[in-house]
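For reference, the structures are reproduced in the following blocks.
Next come two complexes, and both contain chain A; in the first it sits with chain B, in the second with chain C.
On to the complex of A and B.
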């Protein structure tokens, strides 16, 4: 029997009197795993402990057979896409990815080549010589994904990797994660939207209020969550036109123009996201961003916890 | 359009396990050099050198061109702080002809304020920006130790200090060797580069410790700049005011420029004047900055990247 890639036993972490994680135990053996939970559930804290940035207050954590906190040996083998995006703004995208590769020990020539290759893969070929300061949120997100993947890590941790991406890029990134898993990497990524996770994997860890609420197949969780209508906010240049258009889709229950975009309610999120991606890839939908509030997932968690 | 189906070329080359310190330092210097304001600051920091360079020109080539109108040199001082705080052209000419190392000391003493202000503006964000924007998370989730990180940042900050201290001294030395008469070629001329490095290190220690310690506790680089400049100015002012008020020059030791100048004087072949306390100068110019850097290290070691 092979050893688990990640092994967590009775893990707790508190910030002063606030308990962020409470006696979590789980194992991950490989593949793509989604870390699902509403904002403030403890996903980022768990990822930061797994990536060795935070110490556990209690319990034990083993990642690739090593204790992660401040362990450079482990850091050679993992890739991380952090949540925040205001990083190294004075560097160009190419310099940024190349520098981080060189910090990993890749030689200067190869780091430049890899940086160009991966920025190109994430659609930043034309922008790679511009400073990150001028990047949009989606471009920063793609630059972070490029540096997380570029050194071919055995284990990838991605904190809300789809935030700020348009539907087409969400699809491309989900595809890239599957590709990484197909190459043998283990991918752990967090989201508060089940359908983002479901598009990439069936393995889900659900966290709520610092506890592990459930672990298992995403389809079973979706069967529960489908009882609650799912809301999506689409950002668009011409929200009225978009609102009229999505309202004609069978899978859309309601659409309301609000805050430079459209609030959509759908009882069939999987069908909705598939159609959104398909029409966005045709290029005439005009959607520049897609955010899903976590109220439906929160409602599910409340049900599970009860 | 990106092509995700394109062939993926896995990196199979060597992975260096060598020090990351020079890389971290360089990648922290390079983006700051793209900011053009630093060139202006740098030129402003160079004013003592410009005056000295003109004087050297006047005493060498200038004498033959302008005859005896060039300023007569004074006997070179053998004690530090003998020529006062202002630039005394006669004293500079005397040092140039008789004591190159003394000239280095004099130039560093005049550049001491710039050696704080320049790095305070340019390097204020070295730690502060990383703490504010999450850069620490990027560094510490890579095979980079906290010692690598801190030494890389110190090297970057020290490089900025060196631009205002060691760089003009080296230029002056090259200029004096190139234009000087044969009589100036003594062992003191040739040991000057080592002395420049040694003496500049004391200035770097003070400036780097001040800027780094503030950068480690503040999140906004602008605040770091303002507070660093204020602290340095306040100490300079306090020492000057107290020495005037009590009519006792010993209070000058509170001024960083005097404290550092006291430590660098023996290196440059000058005597320490008897009115200044060498132990007190050692405390202010060496023990204090080393303590500040130790506190930065302690803070960095304890850091967990906050959420």
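On to the complex of A and C.
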């Protein structure tokens, strides 16, 4: 029997009096795994412990057979895309990726080439020689993903990797994660949107209020969540036009123009996201961002916990 | 989206400590001239030269120039400029980067944390040394003093003293800023207290680095210097060169060593980051 890639036993983590994680136990053996939970559930804390930035308050954590905290032997084998936007603002995208690759032991020539290839893959070919300070949120996210994937790690940790991306790039990133898994990498990524996870994997770990609420198949969870209407906020230059257009879709229950975009309610999110991606890839939808508030997932978690 | 780049896989060679320190130092030097910190450092160091130019333009006599030179060198350059430049560069890491969110990239790289910290120290040492050395020579540049004042000799000794004092302050502040989130405030307090203690009489002044700097300078003052000016750098009981070198090297080695040890153990987390 092969050893699990990640093994977590009775893990708890507190910040002063705030308990962020409470006696979590699970194992991950490989593939793509989605870490699902509403904002503040403890996903980022868990990822920071798994990536060796934080220590557990109690319990044990083993990643690739090693204790993660400040462990360069482990860092050599993992790729990380942190949640926060901050990158080295004064560097260009190319410098950012190639410098971090050099810290990972990639020789100077290969680091430059890989940086160019991966930034190109994530649509930043024209922007790679511009300072990151001028990048949009989506461009920063893609630069971080290019870095995380470029050194072909065995294990990838991605904290909310789809945040700030438009529907087309969400689809592309999900595809890239599946490809990484097909090459043999284990991919752990967090989201508060089940449908983002479901598009990339069926393995889900659900965290709520610092506890592991469920572990299993995304489709079973979707069967539960579909009882709750799903809300999506689409950002667009011409929200009124977009609102009229999406309202004509069968899968959309309501659409309201609000805050430079459209609030959409859908009882069939999987169908909605598939159509959104398809129409966005045709290029005439005008959607520049897609955010799903986590109220529907929160409602599901409350049900599960009860 | 294009196809995934097909490559044989990067050469995953682990850096040795020397390479890791060099890589970190290289990037840090490149980034040293960004943000508010280098501007503060440059402004602090350039101030005496700017004031010197005003003194020169004011047609003050040579004796006033000499007095200005010693005052700036002793009280300002070593009392304020050297520690402030050290503080400005040392406190840029790691807490501010933890707050900003960029520390993740340093501390999840497959190199020991101490190599990151040492690389940052060496980069700050290089940049700060250049700024301060130029600054110390700049103090006397606009001034017109008597030939027998021989400010060149004093300036050379001051530059040498800067090269010894700056690494010690930098290491001290790096230790403080590795441990405490509010390293900058702590450092400002330290500078005030040290300058105050240096004004006192008695053996307590030996606890300050300023005392060892002034001990060096006092020996370099030419005998024909203006007495009132030379008094500004004189020390009642100057420390020997050996004692001064031991003090600077001791502070540097101990503080830097401790900072490299503690950085491996401390959990750096941004205060603004929510538990989530």
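Operating definition for what follows: the second predicted complex is superposed on the first by the 306 of 306 C-alpha atoms of A that agree within 3 Å, B and C clash if a C-alpha of one lies under 4 Å from a C-alpha of the other, contacts with A are read in each partner's own complex, and residues count from 1 in each chain.
Rule of thumb we're sticking to: a contact is a pair of C-beta atoms (placed from the backbone, for glycine too) under 8 Å apart; a residue touches a chain by one contact, two chains touch by 3 or more.
All figures in this text were calculated on a predicted structure; none of them were measured in a lab.
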item: Partner chain(s) touched by A:18 [first = chain B, second = chain C, both, neither]; value: second
item: Chain B versus chain C as contact partner of A:75, first or second or both or neither; value: both
item: First, second, both or neither for A:223, with chain B first and chain C second; value: neither
item: First (chain B), second (chain C), both or neither touched by A:179; value: both
item: Touching partner for A:3 - first (chain B), second (chain C), both, neither; value: neither
item: Chain B versus chain C as contact partner of A:244, first or second or both or neither; value: neither
item: Partner chain(s) touched by A:45 [first = chain B, second = chain C, both, neither]; value: both
item: Chain B versus chain C as contact partner of A:99, first or second or both or neither; value: both
item: Doubly contacted chain A residues - partners chain C and chain B; value: 15, 20, 44-45, 51-55, 70, 72-73, 75-76, 78, 80, 82, 84, 86-91, 99-100, 102-107, 110, 114, 117, 120-123, 151-152, 172, 175-176, 179
item: List of chain C residues in touch with chain A within their complex; value: 1-5, 7, 9-15, 20, 23-24, 27, 31, 34, 100-102, 104-105, 107-113, 264-265, 267-269, 273-276
item: Sites on chain A touched by chain C in the complex; value: 15, 18, 20, 39-45, 51-55, 69-70, 72-76, 78, 80, 82, 84-91, 99-107, 110-111, 113-114, 117-118, 120-123, 150-152, 169, 172, 175-176, 179
item: Complex contacts: residues of chain A adjacent to chain B; value: 15, 20, 44-45, 48, 51-55, 70, 72-73, 75-76, 78, 80, 82, 84, 86-91, 95, 99-100, 102-107, 110, 114, 117, 120-123, 125, 151-152, 172, 175-176, 179, 183
item: Residues of chain B defined as touching chain A within the complex; value: 1-4, 6, 8-11, 13-18, 20, 23-24, 27, 30-32, 34-35, 132-135, 137-146, 304-305, 307
